[in-house]
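Would you mind keeping the following structure in view while I ask a few things?
As written, the chain order gives the labels A, B, C, D, E and F, with residue 1 at the start of each chain.
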Amino acid sequence: MKILIINPNSSPEMTADIDKSAQRYAAGEFEVTTVSTPGAPEYIDTYQDMAACQSGMIRLLRENMDKYDAFIDACACDPNLDVLKEISTKPVVGIGEASLKMATMLGHSFSVVSTGHRSTPNKYALIRRYGLEEFCASVKAPGEQHAECDAYELYLTTARRAIEEDMAEVIVLGCAGLCELVDKLQEELGVPVLDGVVCALIIATGMVKAGLSISKKRRYALTAEEG
Amino acid sequence: MKILIINPNSSPEMTADIDKSAQRYAAGEFEVTTVSTPGAPEYIDTYQDMAACQSGMIRLLRENMDKYDAFIDACACDPNLDVLKEISTKPVVGIGEASLKMATMLGHSFSVVSTGHRSTPNKYALIRRYGLEEFCASVKAPGEQHAECDAYELYLTTARRAIEEDMAEVIVLGCAGLCELVDKLQEELGVPVLDGVVCALIIATGMVKAGLSISKKRRYALTAEEG
Amino acid sequence: MKILIINPNSSPEMTADIDKSAQRYAAGEFEVTTVSTPGAPEYIDTYQDMAACQSGMIRLLRENMDKYDAFIDACACDPNLDVLKEISTKPVVGIGEASLKMATMLGHSFSVVSTGHRSTPNKYALIRRYGLEEFCASVKAPGEQHAECDAYELYLTTARRAIEEDMAEVIVLGCAGLCELVDKLQEELGVPVLDGVVCALIIATGMVKAGLSISKKRRYALTAEEG
Amino acid sequence: MKILIINPNSSPEMTADIDKSAQRYAAGEFEVTTVSTPGAPEYIDTYQDMAACQSGMIRLLRENMDKYDAFIDACACDPNLDVLKEISTKPVVGIGEASLKMATMLGHSFSVVSTGHRSTPNKYALIRRYGLEEFCASVKAPGEQHAECDAYELYLTTARRAIEEDMAEVIVLGCAGLCELVDKLQEELGVPVLDGVVCALIIATGMVKAGLSISKKRRYALTAEEG
Amino acid sequence: MKILIINPNSSPEMTADIDKSAQRYAAGEFEVTTVSTPGAPEYIDTYQDMAACQSGMIRLLRENMDKYDAFIDACACDPNLDVLKEISTKPVVGIGEASLKMATMLGHSFSVVSTGHRSTPNKYALIRRYGLEEFCASVKAPGEQHAECDAYELYLTTARRAIEEDMAEVIVLGCAGLCELVDKLQEELGVPVLDGVVCALIIATGMVKAGLSISKKRRYALTAEEG
Amino acid sequence: MKILIINPNSSPEMTADIDKSAQRYAAGEFEVTTVSTPGAPEYIDTYQDMAACQSGMIRLLRENMDKYDAFIDACACDPNLDVLKEISTKPVVGIGEASLKMATMLGHSFSVVSTGHRSTPNKYALIRRYGLEEFCASVKAPGEQHAECDAYELYLTTARRAIEEDMAEVIVLGCAGLCELVDKLQEELGVPVLDGVVCALIIATGMVKAGLSISKKRRYALTAEEG
């Protein structure tokens, strides 16, 4: 089985981080490749960023459709996920949807720990789109500014406050760049901490093995005439 | 006051229809211009269509930011509306949001009469995104196939069934191309029939006069650093 | 075009404030008249106040049905709006519904800044009735006591807290009497601040121009036999 | 214990029907009196009807506050219930709220069987206001026209369709005038059939015995200054 | 009329407290008996506790079906209520459902005051199951540890904070063991304080008098074949 | 890795069917064992059935906690899932939750195809508990009677109606006993058909590999004192 992880941004560091997390989960049992999106911005924070990476993501998907068994959209805001699902004849999974939905099976409510306040409304919009408002304790970021992804102490404190003040029982990391912190955070916090890349790999590899793929009836039909 | 209507597709016929509807509403009291989106597909039905018109819409907005007072996204599925609102320092209104929200002020519940079943899930997703599920009686299309926009009798029958069977009290046209039918349908049906182009002009011109524009705090801040 | 604004209370000062706001928006392009409701209490805070102004509002609407093209219910709690919509054959718009629904087109979430805690549950009930809970960041008032409408600093601080603490991106004024503060607040806060009187005029004048009016099918049919 | 049932309309026949139902439930264990509302219309179908009975209902409540221990608003649409709760220092219960809420304790979902399609949107609005949408299988009426309250066969057929087609497990009568049919319907249908007058008596007499009454904190405080 | 109150736990002290509250409400007008559940744990906090008392509760219900007219499940988390309703041919009422639903008729929103944080998610899950999220101001407990039921001052402070900070207008006691505090709390707080045992007695005795019982159509049919 | 599938009923045929489905998915890559629940009824349809299998399921979980890495609750109504999650220190996944949540990642809306109308309300209650109402097109069963699990044609017709009439884009099998039909149905229907056993294996094996397990903070803490 071969999985392609599409990092919607163009940061080689983040692509390397995502790939490390993915290879560790794959553990040689399936092939996984992570690619940056050509022409994409360095980070995906704004709607302009999501627009700027769209054509690159679509091209990556189209060019690799025959070479891979499933595809992962590896930004926690699931950018351009609908169009990828429509184009694809194979499973496509967003790290946002996979981690948020798996979180609901592990405890009463989750908090998303994110990098900055700027993207908080987008997270809430995503959570609402997936119908998960009532399972979300909070979306929390260390502060107004976009925090660096390696600021371990900041994220630990933020997650702890989510658990104690907002009654979260599960933590979902709100940025693919945070995946390196997952083990340390989980050990320290004593609650499940979800890395979206791993969650999406769980779902995507499972779909491949089970022979499941995106429904081509209506919403994600390949063309306007079909469906 | 000058308003720019961006027709997200490239069909000159639909652009002409939209413009006719807009000029009639403007009645010379304000300037309104309707443009097709260069590089866009002829119709916007699929997520691929919405992706294909995105860069053209953004370019039209950026190039005209200084020349107009407000902008309208003239496809009933409000394609790329979030990114336009983020980029713009002036009001941007979607014909979908304007017509659906105005419908709730005119009766107990509305039905959207649309062109084909293919886009029905997208309409429901849009209605849910705007939190209007409980005010929506139904989304109805004449049949499985994409119907021609001038098939008056088909739409009349469909709307009548929405009113009698689904208890709709207001009809929202689900495609900008249907705007020519609005008067005949309203007269025949005896309930309000909403043309999204007109609804968006109401909201957009009102915002301009009132000095209102998109909040630049967080969700639609111009850049990731601001907001 | 002629619009009648019905101030549900009997305070000549508030009627004058509302009229000033309305005339400024009208700017001579349409006629607008603001009247106090005879027999109404001086302020509308309680359900008893809403009951006390009901017959006066109905009488004003009936007597002026032929003389005006649309009517505005100018109290932010939209008192007696359903019965006015039922009686009227022309557009009737509440300043509450107009401002709350327009707010959702300008940012991720809004806060209502109101005059006192007594009416906070009523505001939440109104927001729920319009299905807007998920777009409401908070309803905030300066304190337990009913604050004077000219206490600018108090409202500024309250709105600022809504923006910073509750993540509001748009402010809706929760009392028609606050409309004088709108420009100063918007300038100082840097986010859209909505005056319900202006929002209702936008919607009502637009409906008149577009030939739209309240559906007379079922819920707002003129009599029990019709509809 | 003394309960006053306020029939919001002026029909002596309906008042007699309600009283008969109430006396049968009371069975001499408590005193219950049913009064018509002076100045009210003969039936309560429209918002104008609800407005027309408001001042009479308020007067009845005020004049009898000291003479009774609790009050019932005996129209299934709970007209003017908020203002009565605000004025009263003793329990006030609507037959709509009591029957709809009790229905949720007796089965998975209920259907309201009502007199005509005209009032169906109002029923749905009431159900939504009480947050009971997900427990409501349907609101059904025999036909477009307002049916006579003694048309037993019509209501039986309507209720049966609600049970079989809409999967209702409990029937709530949507008009106080239907209370005479409750026993026959329940026997024939084999599911609980709720008479709102009886449900409201259950709740109101229970509140009196338990020393419970409307909260005077904020929403229903007696005056704007209190609460 | 004879009512059996099933205390799902095996604590004789709590059974005595519940019985005292019940007898006081009954005031000799109907017979009421309270029994502990044999084999049950001393307190019901966890899902294991709810499982451990299930067979005892079912046995109590089956053995007493002919001897009583209605049954009450006297733990605020309504343990095993669905199975009791299915087995029973007579009314079965949970003290959780009765108190939460009655609370919505007494004020804008309620807070549940509970014994410890451990059970807070369960309370929220129960409130969501009954569709009452929007009427719930908060679920509050004195602290992380399970507080003793006689710690009056602790509960008073907790309830007061719910009223002032969370805008609750009604207090629902979240544990049957707190019923002794109800009068003192209500007097001190000045808002309705609901004892679930009393609320369930109101509903259950009313159902008996009115000839109402659990629907045996589908969800609670006695066997898989019926219904 | 070793997974234990607990079939909540005592039918050896259904256990064999479930095991066959599981072994096929496992394909030798991990060990999976399926056991019937001792003392359980032959089918799980009613709340009494769910109660009757509870102690057996708990015993199976406790006895095997050290021998397996994760556990699956293999009845589509997820019986006793909360108590299993509380007891377990390792992942526990219900086939209901896994299939319903995975369905939302494969198309706009799903329909559950179930064995009989008796259990339809329970399915809706489960879907509501998981917050998935808005993604559910319908719950459909072949007829009033409990259909045999091998009645292929019946289920095909039922699923087809769900797709055409209710606009479902994904089918979820509502009974573990239907898992043998999944391939034929998927091929014939042309949309994804989900077998809950496979879905739960996907999630459970993924959790094991990723080092994730049930949060022991509050809701599912092992004891009342912890958490």
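Keep in mind that, in the parts below, a contact is a pair of C-beta atoms (placed from the backbone, for glycine too) under 8 Å apart; a residue touches a chain by one contact, two chains touch by 3 or more.
These numbers come from a predicted model, not from an experiment.
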{"item": "Partner chains shared by chain C and chain E (touch criterion as defined above)", "value": "A, D"}
{"item": "Interface with more contacting C-beta pairs, comparing D-E to D-F", "value": "D-E"}
{"item": "Rounded Å distance between chain A and chain F, as computed from the means of their C-alpha atoms", "value": "26"}
{"item": "Separation of mean Cα positions, chain B and chain A [Å, integer]", "value": "31"}
{"item": "Centroid distance [mean C-alpha coordinates] between chain D and chain A, Å", "value": "51"}
{"item": "Computed distance of Cα centres, chain E from chain A, in Å", "value": "42"}
{"item": "Set of chain E residues in contact with two or more other chains", "value": "108, 117, 120-121, 125, 128, 133-134, 167, 169, 218-220"}
{"item": "For the chain C and chain E complex, residues of the former touching the latter", "value": "117, 120-121, 124-125, 128, 133"}
{"item": "List of chain F residues in touch with chain A within their complex", "value": "25, 27, 29, 93, 97-98, 101-102, 104-108, 130-135, 163, 167, 169-170, 183, 186, 190-192, 194-195, 198-199, 201-203, 205-207, 209-220"}
{"item": "Residue ranges of chain D touching chain F (in the complex, touch as defined)", "value": "108-109, 134, 167, 169"}
{"item": "Touching residues on chain D, where the partner in the complex is chain C", "value": "43, 45-51, 54-55, 58, 80, 82-83, 85-87, 116-118, 120-122, 125, 128-129, 146, 218-221, 223-225, 227"}
